[in-house]
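Common to both upcoming complexes is subunit A, partnered first by subunit B, then by subunit C.
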Partner chain A sequence: MDNLLIAATERSPEVTFDSAAGTLRIKGESYPEDASQVFGPIFNVLQDYLGQADGKGLKVDFELIYFNSSSAKALMNMFQMLENAADVDIEVNWQFMADDETMKEFGEDFSEDLEHVTFNLVPVS
Partner chain B sequence: MSEGNSKGGFSLFDAEERILDGAKRLLDRMKDGDPQLLSEVGILADAYSRSVREQRRLVKVSDRLQNQMTQLNQELVRRRAEAEEALEQLRQAQETLVQTEKLASLGALVGGVAHEINTPVGIALSCASHLDDSTKAIRALFEADDIGVDDFERYMDTAADTAKLIVANCERAADLIRSFKQVAVDRTSSERRTFRLADTIAETVTSLRPNLRQAGHQVAINCPTDLVLDGYPGVISQVLTNFVMNSLTHGYETGRRGHLRVQVEAGADDLVRLRYSDDGQGISEEHRNRIFDPFFTTRRGSGGSGLGLHIVFNLVTGPLGGTVVLENQDAPGASFLLEFPRIAP
Partner chain C sequence: MLAKQFRAFKSTLDERGIIFSFSGYLSEGILYSLGDALRQKMALEDTDVTTIKKVFSVFVEQSQNIIRYSAEKVQGKLEKAVELSSGMVTIGSENGQFFIVCGNTILEEDMAKLKNRLETLRAMAPDEIKAYYKEQLREPPDEGSRGATIGLIEIARRASAPIEFDFDRIDSERHFFCLKVSI
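Then we have the complex of A and B:
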């Protein structure tokens, strides 16, 4: 299965997906011209992985500092996709700067509809 | 811009589109059923469709706003960097000008002292030359064995007088050189040392004497002779020089004789109070709060750089760690009060 390694740009985050380890990390800022170009590849690998996880779990680390509205919508879709993969053991770590109340609230919003996914709010300083 | 385009293989509103398609199919399946039910489901589907459109619109608007904000922020950062760079360049230019001004005032000082030394050296030289002539004449008489008591007595008088004049004038020249040397060294080295304030003031005034004497100005110094400072004599000398030159440039019309005063008191808490005043034309009300600004001058055309008092301000508040103010006074003229610690910071 494919791994994914996308370097950060000024307006898009760094993305690391390791299919053998079952980890995905999205780190940085996200306010691209076209959110589907940034999140499309992530959706594709996730779909493949979740479809044939075969007992393996998935750990997702979000280390986002800032994102725009279409990125937020893409994230919402991504959480929906994770939630729908009820047979895969999924853990999400939502990192935010301890003093960034907004980013914390975004995490809480996203976690609201999740039942199968373990969602951790992780404040860092 | 963000949805619709499916280069990445997905639409942001993919799920919503599928539900809308489902609703369309559902309505299609219901079209032969209860018209009331059909109408109510149709209303729900319409409302959802509008809601999704509204979501798309909001996401678009919000993205655009966030973009603009980011661009504005970047612009702000760029402008700020530019402004800071410009400020730094300005600071450097000012520093260079201040340095140039200091050197120029040192140059004027050298010129003045050279002029001042010229007089005693000239007198000593003509005395020596006169003595030489007299000696040659008396030797000629002596060798011709034609020397009389009167001749010899006259020669002795000449020799005594000229020798006295030569000694006095050479001492005068040596004094001038000594005091100038001290001023010049302090001025250029800006080294810290302990010094008697009265000596520094006297030496500075001596070095300015050529400028003062031309117009017949007088300087009264009133300073405790035992007041010893630990700090920068060159700075004090520069400050006084700038005050005096300002008085001479601005204070007096040609032909008026000025009375300049330097008064020093050793105050409490080891604080030195130095007041410099003149009895010239004073400083007009409109200029009073601008005189310490760099490049402020009323004599731009005639060679004023507008840096004299700015340098004073920088030196007093900088190296001396003190304050300088232009005093309000009833008497004519200008009066500046400096207060600074006896031991420089």
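Then we have the complex of A and C:
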């Protein structure tokens, strides 16, 4: 199964997906002109992984500093995809700087509809 | 004469508390560079993290709206396809608050829809804007809007006071559109 290793650019995050370990990490900032360029490859590997996880779980670490509204929309789609994968054990860690109200609020917004996914708000200083 | 003329121009900007103002063809590269300078300037002045985030977010959404929707564009092919959109972005501070103003040309046919969206947002209380944002985040995008609905709600959500906007008619087909957000 495919792994992903995409370096950060000025306006897009670093993405690391390890299918053997079952981990995905998205780190940095996301405000590209076209959010699908950033999130399209992530959706593709996730779809493959979740479709044939075979009892394996998935851990997703978000270490985002800022993202624009079209990236927020893509993130919401990603959470819906995770929530729909009911047979995979999924844990999300939403990291944010402890004094950053905006990122904390986004974490709260995203976690609201989740029942099957374990969502942890992780303040860091 | 030259220095006098441009000093007067700069003084007018300074008197209005303008930190920087960009007018002309805007690209994603310019957006990145201006945004970076804006964040550094606010950080140097010990602005709190949440305020920096809000100002930066409104700046990005407003600039990307110009890039996507300005009716005044030049397109062509250099080494790759290039599209530049004309508009204005101004950031300043007044009465202890930051403000961001964007301006660009829009077509007559797009005005009613935009005006309607902005009037709806202006009339909403902060809690209502937050709920509307959450609702729109879960909706598929409108046809042809390229994410405009959620972008405008994001702008209204970060504002500390109701958004201000106006349209100035250029001719029978075009208006100059302005949106001011205070944080």
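Heads up, the rule we're going with is that the second predicted complex is superposed on the first by the 125 of 125 C-alpha atoms of A that agree within 3 Å, B and C clash if a C-alpha of one lies under 4 Å from a C-alpha of the other, contacts with A are read in each partner's own complex, and residues count from 1 in each chain.
The definition used in the following text is that contacts are C-beta pairs under 8 Å (C-beta built on N, C-alpha and C of every residue); 3 or more make two chains touch, one makes a residue touch a chain.
Given the structure is predicted, the values throughout are model-derived calculations rather than measurements.
When the two complexes are overlaid on subunit A, subunit B and subunit C occupy overlapping space and clash.
Within the superposed three-chain model, A:120 lies out of touch with both subunit B and subunit C [touch as defined at top]. In the superposition on chain A, A:112 contacts subunit C only, with no contact to subunit B. Looking at the shared chain after the overlay, A:68 reaches both subunit B and subunit C. Of the two partner chains, subunit B is the only one touched by A:40; subunit C is not. Once chain A of one complex is fitted onto chain A of the other, the partner contacts of A:84 are absent, as it touches neither subunit B nor subunit C. In the overlay built on the shared chain, the residue A:102 is in contact with subunit C alone; subunit B does not reach it. Residues 11, 31, 33, 35, 68-70, 73, 80 of subunit A lie in contact with subunit B in one complex and with subunit C in the other. On the side of subunit B, the complex with subunit A involves touching residues 1-3, 5-15, 55, 58-60, 62-63, 66-67, 70.
Of all residues in subunit A, only 10-11, 31-33, 35, 66, 68-70, 72-73, 76, 80, 97, 99-103, 109, 112-113 touch subunit C in the complex they form.
Partner subunit A is touched in their complex by these residues of subunit C: 28, 32, 48-50, 53-54, 56-57, 60-61, 64, 67, 133-134, 137-138, 141, 147, 150-151, 153-154.
Contact residues on subunit A toward subunit B in their complex (touch as defined above): 11, 31, 33-41, 43-44, 68-70, 73-74, 77, 80.
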